[in-house]
Amino acid sequence: MQADLQKRLNRVIGQLGGVKAMLDDNRYCGDVLVQLAAAESAVRSISSRLLQNHLETCVVEQIQRGNVEVVDEVMQLMRKFSR
Amino acid sequence: MQADLQKRLNRVIGQLGGVKAMLDDNRYCGDVLVQLAAAESAVRSISSRLLQNHLETCVVEQIQRGNVEVVDEVMQLMRKFSR
Amino acid sequence: MQADLQKRLNRVIGQLGGVKAMLDDNRYCGDVLVQLAAAESAVRSISSRLLQNHLETCVVEQIQRGNVEVVDEVMQLMRKFSR
Amino acid sequence: MQADLQKRLNRVIGQLGGVKAMLDDNRYCGDVLVQLAAAESAVRSISSRLLQNHLETCVVEQIQRGNVEVVDEVMQLMRKFSR
């Protein structure tokens, strides 16, 4: 998963570099906004992948050890992402 | 505005580079997710700034020239961002 | 459009009444949450329809009369919906 | 919690009834949209409360019984809400 996430992060960084170039070239705002929406959606998708992994490993382990407070941490993370 | 957007884009690219480093260092997923949520929120804020500018300039001009179809384009952009 | 929106609002109100009944019957939370997500999505879809109509009529008219401040109002609305 | 959720659901149903009345009275779309955004936000807040309870009770119990597949169900719910 690590390699997949690094690859996806590189791709988003590339997309944002592309947005910088579009702004430098005074490209039509509507087109720049479509690229920004794609970058945001890619970041969201990386987060979702990592969150799933976090739940399946760390969170399950913590709960099985009786540390149920980890649920509060999960709720706080989820609130950050549902804005 | 151009300079401000470029600065903000550089900052998000830096944040995402930081996330890559955190993954390489096997940092706690919960912490990585907080950084990803911050990066996503920064991208959203850049889009919102650019969208406001787009509406205030291009869209207003198009509508004043009678090209009201630009409203459809705005709705499509807004749907991309309200996912 | 008026009749369509009223029908859709009645449907959401019905869905939320259904959620109340599910809670009374102590139904499985996961199932209740699926219904709530559907209701939220229906409200979002009604807003999107009304917003499109608002842009195509009131906002276009205001801009054509030279009242470009209406764009600020649109941005404020969009921020409420992109949370 | 049950009583609190029922009260909140009644309030949202009342808000949506108010939106119906505003449409009947041909009120300004911008004002109707503000009320719809408030209703959507109230539904989201009810879901968040119920989801927290779901995680703290059912999900923790399932994980402690070794039924880790419940995590997939949680991820599916979260995806519905992060649209």
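As written, the chain order gives the labels A, B, C and D, with residue 1 at the start of each chain.
Convention: contacts are C-beta pairs under 8 Å (C-beta built on N, C-alpha and C of every residue); 3 or more make two chains touch, one makes a residue touch a chain.
Treat the numbers as computed from the prediction; the structure is a model and nothing was measured.
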item: Contact-graph distance - origin subunit B, target subunit D; value: 2
item: Interface residue overlap between copies subunit B and subunit C, same or different (over half shared); value: same
item: Chain of greatest Cα-centre distance to subunit C; value: A
item: Separation of subunit A from subunit C, taking each centre as the mean of its C-alpha atoms, in whole Å; value: 26
item: Approximate Å spacing (C-alpha centroids) for the pair subunit A, subunit D; value: 23
item: Subunit A-subunit B separation of Cα centroids, rounded to whole Å; value: 13
item: Two or more partner chains touched - positions in subunit D; value: 44, 51, 81, 83
item: Arrangement of touching chains [line / ring / star / complete / other]; value: ring
item: Residue ranges of subunit C touching subunit D (in the complex, touch as defined); value: 2, 5-6, 9-10, 12-13, 16-17, 19-20, 23-24, 28-30, 32-34, 36-37, 39-41, 43-44, 46-47, 50-51, 53-54, 57-58, 73, 77, 80-81, 83
item: Subunit C-facing residues of subunit B, complex; value: 44, 48, 51-52, 55-56, 59-60, 63-64, 68, 71, 74-75, 78-79, 81-82
